[in-house]
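Report on the following structure.
When the chains are written out, they are named A, B, C, D, E and F in that same order, and each has its own residue count from 1.
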Amino acid sequence: MKYIVAIIQPEKLEEVQAELFKNEIHLMTVSQVLGCGRQKGITQIYRGRKESGTLLKKIKLEIAVNDQFLKPAIDAITKAAKTGNIGDGKIFVLDLEECIRLSTGETGGPAIG
Amino acid sequence: MLGRVLTIILGAAFFLLAGLGTPALAADASTVNSGDTSFVLMSAALVLLMTVALAFFYGGLVRRKNVLSIMMQCLFAMGLISIQWVLFGYSLSFGPDKGGIIGGLEWVGLRGVGQAPNPDYAATIPHTAFMIFQCMFAMITPARIIGAFAERMKFSAFCIFLILWATLVYDPVCHWVWGVGGFIRKMGALDFAGGTVVHINAGIAALVAAVMLGKRTGYPERAMPPHNLPFTLLGAGCLWFGWFGFNAGSALAANGIAVSAFVATNTAAAAAALMWAGIEWVHGGKPTMLGMATGAVAGLVAITPAAGFVGPVSAILIGLSVSMICYFFVAFVKVKFGYDDSLDAFGVHGIGGLWGALVTGLLATKLINPAGADGLFFGNARQFGIQIAGCAITIGYSLVMTFVILKAVDLLVGIRASASDEMVGLDLTQHNESGYTLLD
Amino acid sequence: MLGRVLTIILGAAFFLLAGLGTPALAADASTVNSGDTSFVLMSAALVLLMTVALAFFYGGLVRRKNVLSIMMQCLFAMGLISIQWVLFGYSLSFGPDKGGIIGGLEWVGLRGVGQAPNPDYAATIPHTAFMIFQCMFAMITPARIIGAFAERMKFSAFCIFLILWATLVYDPVCHWVWGVGGFIRKMGALDFAGGTVVHINAGIAALVAAVMLGKRTGYPERAMPPHNLPFTLLGAGCLWFGWFGFNAGSALAANGIAVSAFVATNTAAAAAALMWAGIEWVHGGKPTMLGMATGAVAGLVAITPAAGFVGPVSAILIGLSVSMICYFFVAFVKVKFGYDDSLDAFGVHGIGGLWGALVTGLLATKLINPAGADGLFFGNARQFGIQIAGCAITIGYSLVMTFVILKAVDLLVGIRASASDEMVGLDLTQHNESGYTLLD
Amino acid sequence: MLGRVLTIILGAAFFLLAGLGTPALAADASTVNSGDTSFVLMSAALVLLMTVALAFFYGGLVRRKNVLSIMMQCLFAMGLISIQWVLFGYSLSFGPDKGGIIGGLEWVGLRGVGQAPNPDYAATIPHTAFMIFQCMFAMITPARIIGAFAERMKFSAFCIFLILWATLVYDPVCHWVWGVGGFIRKMGALDFAGGTVVHINAGIAALVAAVMLGKRTGYPERAMPPHNLPFTLLGAGCLWFGWFGFNAGSALAANGIAVSAFVATNTAAAAAALMWAGIEWVHGGKPTMLGMATGAVAGLVAITPAAGFVGPVSAILIGLSVSMICYFFVAFVKVKFGYDDSLDAFGVHGIGGLWGALVTGLLATKLINPAGADGLFFGNARQFGIQIAGCAITIGYSLVMTFVILKAVDLLVGIRASASDEMVGLDLTQHNESGYTLLD
Amino acid sequence: MKYIVAIIQPEKLEEVQAELFKNEIHLMTVSQVLGCGRQKGITQIYRGRKESGTLLKKIKLEIAVNDQFLKPAIDAITKAAKTGNIGDGKIFVLDLEECIRLSTGETGGPAIG
Amino acid sequence: MKYIVAIIQPEKLEEVQAELFKNEIHLMTVSQVLGCGRQKGITQIYRGRKESGTLLKKIKLEIAVNDQFLKPAIDAITKAAKTGNIGDGKIFVLDLEECIRLSTGETGGPAIG
């Protein structure tokens, strides 16, 4: 089992979700984060005072998958989120040791999907 | 740099001071009625608040990244039009008539507009009180258009558009309908508080702008839910509040007509709000807060031209009907034709204003306002024809001129923000600031 | 579908037009005072704003997921009561008296309510001005009850409850206390701007509703902190502002009594706000913004029946005392008895109004208002008895009728939202919309 | 505990009632003008709203964790000053003159301040109307100072500072400039609506406070962007709205001077807003919403002393120039000297007010207000000298007294919140509450 | 050492915390997330325009524990958060390599608690 | 490759970022979280009703690094965020199996920086 963390552009959320759904990946957790990356932040000015920002709004997806869904998931995210420009985002893959579904008590692979 | 600007401005100012700054002597107090003056000044203050309210009504509906751009445009309209009006807008609109088409430049810089009443417009209040009350109308009219091009117009383009539209569209139409000698006024068209001048005029401009700017990126596929509906209610609530100044204040005196307009305004807003909620309940499943707020505004728009000419029962009728019509435009016609009137400036203001102007020709009655006229349902079919003519002329003129102005501005600086600016949001890209902090 | 609705409505409208739409002729201008008319119209506008303010005062206190449901209920009250009032509510409340109990239907659809003053109620302003000023009171009274059943009432149930309560509770009580011929009025009870009619009436209804609906899931174990206290301040600030219209406007003329009521209003609000903060400082450790805002509202509530009858020093006393009493109810009595008066509609409005009505019987003085009466402390013990009687009758009636109405509504459609709707939030489940975006 | 407090308060109250509570008899109605009274009461209501507006103007600019502390301070000023004014502040400010320096205690508890007009101040409205209008000024003046010590002052220290400053600084200066017999008034200084009394006075106090409290931790290295700019616009918009009451209301009658002040107010605000945006466009790259809002407020500040004495063209000039000056102070002088005037209370209110008071000595003209005086540009150099003298005296007095008061308060309870309280935020540490929920 | 990520219903936060405290687990990091799961989102309607939501508010807990606390933590969360209905949430367990307490510089097991 | 999760005081974000930049670590993802730790929350009071809070605002940094950057990253964060007081925060290190840069499709070590 793998735990995928993907950082994408906010505009791409709906497309990424749609693409994942097509690949039978329906479950995920979404949150708003701020990215500090190669894409530079935008300077803000308040009453003449400049504040150079380093952070830009991004969306973070967390998706736990069984191993056979890892590649489809990565492909789906890449397909939907990639524009080829700086700022598109990244995917991180971590190993997942255990997964428990609270409502049923199922564990492991069956609990993920 | 700053020094140079300072010098130029001070120089210009003193020139103006010498040239224009001889204000009229204090009024002969005997003709000024303190109750009426109090009423019109407070009404003017209420109408000013409406532009702020509009900033929240619209601002709550856009995405978080564009909230300041809306507010900035409203604020800029408050600033620019206030100055334009004092310098020459008022003179063009209400100054001595030139062939029924435009006011003359005699009142430029408010020369000759003093504390004494001008009985042509309002006999019991200082002329300047009438002037500043009208200033607030001139300010909010172009602000209404903002809803059509929200989230994608370049700010520089907006500024140029604003001054041109105010001068070339608002001022002439205002003169035609309300100026002494204006040709639509002479036709006998009724427009109590601005259905034609304000709502149709701005609504048509909104449609033209929406079409010319094109859709927002991602519209209509991508969800763009309102980022802060309480702000939208705040706006709607303050609009309702301010609209009493707009409509009742248009009586220009604290008299029975003012009260009548006040009652009609409240009643129509209420009826329209209920109706919108009712339609949603029947049609969409659930009545929504945004729906009621939208309905209330539609009702306020529609009652505007009729306010001083109709009784409360007619006001209910106007309120009920306008919500049906506007809902139809917003939920069906817009979808069908696919233009992106982002915040429904055309669908609510344009259509609501048009319906209001027409219905005035049906329901107006001299029983309420002897200085008005009877409408079709009170036996005077001619009035309905006049109203149609007035609307048609305004629509045609606003349509053509808005098109021409936007084309010109587009050639000059480009009207549409770049795709990447639109993606990042206009607040950061046009104004280098953001509405809310993210990590605080 | 829409087409059918349209037809029905237009048909109904024209029937009404024929039946009711013959408004009174324009007023004999000589009796209308422009200063007074200006004052009452602006006051009416201020009172309208109070309902919007209430939406924010309450809206800021609930959880994020229910903010729109509060705002929607306030807006719906604005819409529905405005229409009810014009159609028959005003006639029931102020129309020709039937046995001291209720107004007749003679003024249905505002027939006979025209621009000429009605000296029974206000001799110097158009009758319609009095009518619309009172309309705003009718609107905000049921809106106050919302605080008691926040976050758990079905919207459909609210709508039915609203129209029934306004018609069966507000209109009669209003007639008793303020209508010419009303029996409490004839007893000589003093209620300057609505302590009995508005606050006790709504407050008792709130208590009944809180008990009948039951507690919110998780109350009181789970924390339910206010989601947006700046909104609550916005509401409190605009309530304070609007209350000048409510209280001073109740003089129905811009005269010394109006000024006196204005001063008393401001003074009592200030004293109560300070006192609440002081109690918190002594009792809870720290003075809070919410505490001060709550205190200010309690002060405004308590001064309402007394505003035009007491001087500034009495106003201070009223302000100081009401905060002690309300704090006691909110922080102790509510906890002790365990009912979930979610936003303290009973604890602040009911109790504050009751105290205000009683204290009027103590502190009223003819030195301030010769048309009023002296209270106990000015040598007239009888007045205190009358005030107690007036309160008792209102409490009894409101209690019984609210119970009956809610029972009926519960049988009809059920008053409480389902547990899962309550968990997800009323905004999404009752209105299919949400107050704020989450990812934007 | 509560019981004891209750007893003490009731006891005190009855003592007061006996001692002070004999209010003047109802006015001889013949001299009271309803239009003027309506105007002044509504203006007073508008000025009250300004303090609420200020809470949002400032509140939006601080960090999320301090928003309530700002709002609480504004609300506390509303409460405390309302009571102080009624009890003795009004008497000190406007009571019978003692040597040109201070008002006597004859009017303590409003004894002798009744419904009859006091022709010394306003001949056509009840004396109490004048009193309550001035109360609103007394309330908002210290509230302006809050911007200077935002995010780091202890609340207890604020409370003590507030009452001392109001009594020892505001009341005397108010008497000097506006009280009959006040020595600056006798010099012939012009201050239409409070440039010296309100803005310079508060602005200088702000500077002193900013310096004495020291910088916020992390200032200026760390970014502290405004947490909610829409709130700031709401504040600015309502300030603009309310300022009509402030300035036009200062005519104390609904006459030509009031209208003139109204027009000047709107025009100056607009010109200043535009100018600020223009400077940013040229200097900083992009015009900002916050910049326009700040400019509008600066324009309103600067026109305040001049409002009833200048025409619209002068108003434009005042608006344009004040933005240049304030921008310079806010963006350069503050940075250069390194004091932390957190929300620019000195940079905008102090400097703007100073400029306004001086420019009144240049541009005032009897053509607008025969009861005023001509300024330097209208041939009367002496007036400019008088204005300078008035400003200098106010600056000196406010500077010294504010310093003394803050030193005393610091010795007493300490003025600065602890470093850890500042880090966690004043909302939680001073008031045990937080503005917004985080998980809801 | 394990790094537990738990997604629960917002209403359950206080109960879960209380249950964890009972089991001597006092330290955790909480954040608000949006869950896309089997529990369907709610359609929103704005001026007649429907937007079918797929996301629902959830709370995410992150808890680093020493191995012997893994089971108690899982049991506590399950006990408090389980209702047996769809939407109850899930627990994910990842392996934690290192933990450092900034204030003291402690590392590993002692730094966790 | 390692996946660092750091919880720090909100006030320290800018300093931590600056220190990381000095150590050539430029990429990270930032979010706002609530911490339940040894530092106690602050009781809130609404109309006389006390609500004892257990949560305090914290900032969470997520930083994916190649192994040789692990120590510099930890040192940089410690240097900037440590005051020695309770509440300073913690660093958690997880193993990162894979990293993909969406814009280019790069994977592994080169995708991280």
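Heads up, the rule we're going with is that contacts are C-beta pairs under 8 Å (C-beta built on N, C-alpha and C of every residue); 3 or more make two chains touch, one makes a residue touch a chain.
Keep in mind that what you see is a predicted model, and the values were worked out from it rather than measured.
A.B. asks: Going only through chains that touch each other, how many steps at minimum separate chain A from chain D?
C.D. replies: Minimal hop count between chain A and chain D: 1.
A.B. asks: Would you mind naming the chains that touch chain C and likewise touch chain E?
C.D. replies: Of all the chains present, those in contact with both chain C and chain E are A, B, D, F.
A.B. asks: Is the C-beta contact count larger for D-E or for D-F?
C.D. replies: Answer to which pair has more contacts is D-F.
A.B. asks: Rounded to the nearest whole Å, what is the centre-to-centre distance of chain E and chain F, using the mean of the C-alpha atoms as each centre?
C.D. replies: Taking the average C-alpha coordinate of chain E and of chain F, the gap between them is 18 Å.
A.B. asks: Mind checking the centre-to-centre distance between chain C and chain F? Centres are C-alpha means, answer in whole Å.
C.D. replies: About 51 Å separates the centre of chain C from that of chain F.
A.B. asks: Taking each chain's centre as the mean position of its Cα atoms, how many Å separate chain C from chain D?
C.D. replies: So the centre of chain C lies 33 Å away from the centre of chain D.
A.B. asks: List, in ascending order, every residue of chain F touching at least 2 other chains.
C.D. replies: Those would be 30-32, 34, 44-46, 55, 94-95.
A.B. asks: In chain C, what residues contact two or more other chains?
C.D. replies: Counting only residues that touch two or more other chains, chain C contributes 33-36, 38-39, 42, 65, 223, 225-226, 228, 234, 283-286, 288, 290, 432-434, 438-440.
A.B. asks: May I ask you to sort the chain touch graph into line, ring, star, complete or other?
C.D. replies: Drawn as a graph, the chains make a fully connected set, so complete.
A.B. asks: For chain F, which residues are in contact with chain D within the complex?
C.D. replies: Touching chain D from chain F are residues 9, 11, 14, 34, 42-46, 55-57.
A.B. asks: Residues of chain F touching chain C in their complex?
C.D. replies: 44-51
A.B. asks: Quick one: in the complex, what on chain D touches chain C?
C.D. replies: Against chain C, chain D makes touches at 1-2, 5-6, 9-10, 13-14, 16-17, 20-23, 25-27, 29, 32-39, 41-42, 44-45, 48-49, 51-52, 55-56, 59, 67-68, 71-72, 75-76, 78-83, 86, 109-110, 114-116, 125-126, 128-129, 131-132, 135, 155, 228, 231, 234, 430-437, 440.
A.B. asks: Mind listing the chain C positions that touch chain F in their complex?
C.D. replies: Residues in contact with chain F: 220, 223, 225-226, 280, 283-286, 288, 290-291, 294, 327, 330-332, 335, 344.
A.B. asks: Which residues of chain E touch chain A once you look at their complex with the stated criterion?
C.D. replies: My answer: residues 2, 5, 7-8, 31-38, 54-55, 58, 60, 74, 77-78, 81-95.
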